[in-house]
Every structure is written in C-alpha cells, then in structure tokens.
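Some structures are shown below for you to check.
Shared between the two complexes below is chain A, which has chain B as its partner in the first and chain C in the second.
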Partner chain A sequence: MAKKLIVACGSGVATSTTIAEKIKNKFENDNIDYPVEAVDYKSITNELPSASIYVYIAKPDQEVLDQAEKLGVSVFPGIPFLTGMGLEDTYEKIVEVTKK
Partner chain B sequence: MGAFESTIQWVLNLGSAVFVPIIIFIIGIIAKMPLKRAFISALTLGVAFTGMNLVIEFMSNAVAPASEALALNTGISLPALDLGWTGAASITWSWVYAFVFFAIQIVINIIMLTLNWTKTLNVDMWNVWGKALTAYLVYFVSGQLWAGFLVAGIQVIVELKLGDMFQKHIEDLTNIPLVTVTHPMILSAVLMLPINKLMDKVPFLNKKANTDALRKKIGIFSENSVMGFLIGLLLGFAGAYGLSGSLNLAIQVGTAMTLFPMISKLFMQSLSPLADAMSEFMKKRFKDREVFIGMDWPVLAGRSEIWVTLILIVPVFIGFSLFLPGNIVLPIAGVLNYSIAVGGLLLTGGNLYRMLILGVLFTPLYLYSATYFAPILTGLANTTGAVEVDEGGLITWSTIEAPEFRIMFAEAFKGNWLAIGGAAIFIALYVWLYKVMNAEKIPSERYEAINEK
Partner chain C sequence: MYNNMVIPDLVNIHLDGKNQKELFQNVGEDLYRKNYVTEGYLEGIIDREAKYPTGLATQSLNIALPHSDPEYIKEPFIYIARNNRPIQMLQMGDNTELECNYFFFLGIKEPNKQVGLLSKLMELFMNENFIKSLKSIDDEKDMYELIKTNI
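On to the complex of A and B.
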C-alpha cells in the first residue's frame, strides 16, 4: 500500500501547506520518516489512491469518506493543528498509523 | 549618496528573487531558527519567485498573441493578463514593506483582544499579504504611504470584527466549535446585504436547494486543469486559431493554471516556519481565554454551495468580460470568484439561489475593479522586478478580493469626494451587517421556519 500523508484544502496552497509543514516538522523532530504533501481538495478523488493518511480541513463528502474507507486510508481532522485544541491527541493517532 | 544608502540601494537592486529571501533568512536567524532550516526556507522563497516568473512568462507568451487575435477577429480587446490571486500574492510579497504587516496585524490584534474589543484571534498569517496589497494599492493611488498603512490597519480591525459577527454562522456551517473566518474576501457581504434584505421578501428565495447532487455533476469543472483547458479552447476559437491551434492553446492555459498553485505552495512552505512561530506566539498569549480562532476560508470548503456557485458563475463572468464596455480583463487564472461564493454563503446561510443571483449582480464589480487594478499591479511588478511584464503589457487579478473596500479608501485618500462619500456609506453598511449577522438565526435554522408560514 502507498505510504503518504496528504492534507487537502480548497486550493492546495495556503491552509493545507500550513498544516502539512507543521506535521512535517513534528515528524522530523520525532524521527519519523514519512512523506507529507499538501493537495487540492478539488482533485481529492485522484489523490486518495496514492495516500495512506488523509488530513482534511473541511469535513469531506460522504462519497469521499467512503472511497477513503474502501482504499484503507485513515482520515483525520486538520483543524486541531491550526487551533492547537486537541493537537497532541490527533497527532498521536496519526503517528500510530504511520507505524502500521 | 552615503555608504549606507548606496548599500541599501545595491541590495534592493538585486531583485526580489534575491532580496526578499535575504530578509527571510535574517528574520529566521533572529527568530532563532536552525541555520539549515532558515537557509532552506530562504532558498525556497527565491525558487518560488523565479518559478512564478517562469509560469507567468509562459502563460503570457501563450495568451497575449491569442488575445490580440481575439481583438483582431472580434474587436473585443482584453489585453490585461489575469494572474489570479497566486500571481498577485507573489508580486505583493516582493514589496519592500510587505513583511512589516506581520507586526501590524499582530499588534492590533493583541490590543483589540486585551481591551475586549474583539473575541477573534487571527492566526492566519498567510493572508498578511492581503494587508500589504491594500497598503500598496492605497499608496499607489493616493501617493501617501501613511494612508496605505492606515487603511491596512483598518482592514485588520474590520477582519477581526468579521470574525466576530460570522462566528456562530461558521460554527453552524462547519460543525467546528470556536473557529471563524477572518479573510477580507467576505467583505463582499457588505454591499450584498441590502439586496439580500430585498430577497427576504421573495417566497421562492426562502427555499433550500439540494446542492450536493449538483456538485457531484459539475465538480469536475472546478479542477484547475479543466477550467484552464476550457478557457484556452474558447479563447482559441474566438481568436480564429483553428482546431489544432486552439487545442494547443487550451493545453497551455491548462498547464499554467495547474502550475500556479504548485508554485504558490512554495511561498507557503517557505513562509510557514515564520507564520507558525507568530501564530504560536499569539495563541500562547491568550491560552487561558476563550477566543475565536480566525482562519482562512477553506474551513468552509466542505459546503457544496460554494463550489456550485463558483462554477456556475464562470460562464457569466466570461460573458460579462466580453461584452461590458470599458473592461480590459479576460478572466483566466482568477476565474473562480471566491469572494462572491464565500461572502454569499455566509450572508445567505448557504441559500444557493440567492448566492447565484448575488453572483450575477456583483460580477461586473470585479471586472471593473480588475481593470482599475491593472496598472497598479503592473506598476508594483515593474518596481520590484518580481515579474517581468512586457513593455506596454498589463497584468491584473480578475477577482481581486475586497475591491469595494480597497478602491474606495484609496480614492478617498486621493481626495475624491465621491469616494469619501462611498467609504462613509460602506462603513455604515458594515455596521448594519454587523448588527444583522449578530441578530440573525444560524443557517440551519433559517429558511425552514419561513417556509412554514
């Protein structure tokens, strides 16, 4: 299975990159070697097959969630990385998936 | 000229692809970033500037002859090249004063929070460029640098109060507690308000549409490559390029539109350690207090009404651009009008019919604003050398955000009495909007109740 964490926002530029960089830094500090990429939500259905972890900003459509489940992609909220609330909790869960 | 001035001048003359990374490197060192990271961050910024220049040149070479052919073939002259927000942002970051606005935004926010004048903490440090753009626009038009900084300061305040007034609506639309949006694009709701009030009286416009199904059908059009392809194809045909030429132009415009966000991502990557440090600093200061976290608009991107509006307004936008007298802009890279879609969503609480009506009514405002903005953005690009514009060529941003606010205040500081009156009306409408949104029901409770009557 593909090993990649993707973060998707409306343009694949600003918000998703902010979160992606944050996760990248945290991975680096914890010595986790795992690719992280910011992508465009508009092309999420093309991105999911090459991903293993999907971090969203706005809650995606049911259809997208179903596709993620079928592909075995773990889905996490990205907002904690912006607000700081629940950040460690979410991050730890992501780390667990990276170890799979 | 003294040694100091000549050194400064020499550094500025290096061009933005060298000069701005040096600033970022120095800021990084001051912020105690590890040397390696500060260097990579600075280098990425230089790469971003150069890459952006490359794509813009590529698009310009493809589109400029086509729009000349369009003018010859049809008499419709649309010479200003639309670079979209990604292009506008990269040019704005090359302005000497751009980085000062980090400090301005942070200081004003801290003061407002400390005095309890707002509940919103704006952690969106990326859109600091929006304040820099406002300041430059006002400075360019009025000739007064202080006026530019003043209006940018007003924008910081206005954004925070937007965050306050829309918070409960955004929480309802996204189901995420305590978040809000502080992006200036939603200022579009200010002028839309009177029309929305009129629409309250129309029974048909108080019904909810099911947009999820529609979004699935037309969602493909929101992909950058598809949108670019279609616009390129259209432009080719209108310029009598023939099938082969048109298809090639279509692929080229699709390429440019796909690459723009990829390059823009590099800016973000480079600036994110800095932006991150600043937003952490802010959050730490107000840790023990309940605040609304102000962020960029994508927190709302899960609402299908936004995407449906964005896509359905495109043909209207292009249609207007061809036929509106005085317009010089063909929407390309900025063709998706986020201001209309996101502002409309928040104002109407996700009522698609109203969003579309507002979209059609307000589209001309953006074209004329982009026409007005063209010499300004071109001027900035030429001064900083961020982008090479051909002699006599024009660049712009077809969906410039908060145009009414930016242009009205710029003209007001130039001493234009009409604009001074307009700015006063704008502020009055803004205050009205603030009251209306605070009193208004949250979106999920809005239209059903009216239906039952």
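On to the complex of A and C.
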C-alpha cells in the first residue's frame, strides 16, 4: 500500500497547506520520514487510492469515508492541528499508523 | 509579515448582526464600499461558509474565519469583527454548532504567499494573554494595535 499522508480542505486557500506544514514539521522533529501533501477536497476520490492517511478539514461525505475504509486509509481530523485542542492525542494516533 | 493586512478602517467591534447572514452582509458591504473586494464577494463567503464552515473552538474563545475564493479579493486584508451577540456558526471539520462573537474575515488573494497567516493567527488563539487582551478591549484603535503588533 502507498505510504502518503494527505490533508484536504475546501479550496486549498489556506487551511490544508497550514495543517500539512504543521504535520511535516512535527514529523521532521520526530525523525519520521513520511510524505505529506495538501490536496483539494474536490479531488479527494482520486487522491485516496494513493494515500495511507487522510487528514480532513472539510467534513468528508459518507461515500468518501466508505471509500477510505475500503482502501484501508486511516482517517483523522485536522482541526486539532489548528486549534491545539486534542493535538497530541491525534498526532500520536497518526504516528502509530506511520509505523505500520 | 502579515501586519500590512491589518487595516485601521477594517476593524468593527460593535456589530449587531442578528444572525450570520446579517453579519456577513454588514461586513461584505463595508468591504465592497471600501474597494477591498469585488461584487461577488458577499455571495462568495456565504456559499463557502455553507459548504465549508469556518467556526473554530479554540482553548478559551470561539472564533470564525470566513473567507472566499481569492478571485473576489482586490486587496489582501484581515477584517476584524466582534458582534454584540453570539452568532450561531458551524465548526470546521465536523459541522457541529458553536456560538461566536469574534470573526476574522480573511481576504486571501495569493494563497501561496499568505499560507503562514493562518498558523500565525492560530498561534495567537493559543495564547491566554492575547485572548485576555482581546476580550477586554472596547476601542477599535486598541483592537487594531493589538492585532497589528501580534500578527
């Protein structure tokens, strides 16, 4: 399976890039070598097959979640990386998946 | 780096919108009148907020960061708005309801250049002292200074 973390928001105006950068920095600090990419939510169904972790900002539609589950892509909320609320908890779970 | 996006004329901390629509109208019309946005901006933020809500519950303050696609922005800005009564918004990411008094309308014209703005803003909202000052201010000039010097 592909190893890539994708972050998706509405139009890529600001949020997904911001969160992608945050995660990249945290990975670097923790010596985790894992590709991170910000993508547009509109193209999420094309992006999921090449991803292993999907961090969402826009609330995903049920069919997107179904597709992720079928493909074995782990799904996490991205908002903790913006607000700091529940950040460590979410980040630890993401790190666990990167080790798989 | 982003403090030139904070503009004395775009701080309004005594708004009295009854709901999201009214608040967006007040701010959208103000921005249009002052020539920061094109005609489609108001519709742009309303549509986008409906599809991709921007409410955020930070540690001690609920905020919202309404923004449109860059095509409606003439000059980059951060419009600082406080509404007298809480407005029902939806949280980014999970669409749960939350009540907000504080709104930062982001006029992002070049997403690549303004990518750090959001992290900078969010850093501020993790800072208790900043939030205390933000809540205690009742003068638009002071509010302008606070944001301008911290961002």
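One rule holds in what follows: the second predicted complex is superposed on the first by the 99 of 100 C-alpha atoms of A that agree within 3 Å, B and C clash if a C-alpha of one lies under 4 Å from a C-alpha of the other, contacts with A are read in each partner's own complex, and residues count from 1 in each chain.
One rule holds in what follows: contacts are C-beta pairs under 8 Å (C-beta built on N, C-alpha and C of every residue); 3 or more make two chains touch, one makes a residue touch a chain.
Quick caveat: nothing in here was measured; it's all calculated off a predicted structure.
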item	value
Overlay on chain A: chain C relative to chain B, clash or fit	clash
First, second, both or neither for A:T90, with chain B first and chain C second	neither
First (chain B), second (chain C), both or neither touched by A:T15	both
Touched partner set for A:K42, first chain B, second chain C, both or neither	first
Touching partner for A:D61 - first (chain B), second (chain C), both, neither	first
Touching partner for A:S52 - first (chain B), second (chain C), both, neither	neither
First (chain B), second (chain C), both or neither touched by A:S74	neither
Superposition clash, chain B versus chain C, among 145-153, 253-261 or 415-423	145-153
Interface residues of chain A shared between complexes with chain B and chain C	9-15, 17-18, 21-22, 41, 56-59, 79, 82-85
Interface residues, chain C side, partner chain A - complex	48, 51-52, 56-59, 67, 69-70, 91-95, 106, 108, 111, 114-119, 122, 125-126
Of chain B, residues touching chain A in the complex	86, 123, 126-127, 174-176, 178-179, 212, 216, 219, 222-224, 261-262, 264-265, 268-269, 272-273, 275-276, 283, 293, 295-304, 307, 338
List of chain A residues in touch with chain B within their complex	9-18, 21-22, 25, 38, 40-43, 56-61, 63, 79, 82-85
Contacting residues of chain A [partner chain C, same complex]	9-15, 17-18, 21-22, 41, 56-59, 77-79, 82-85
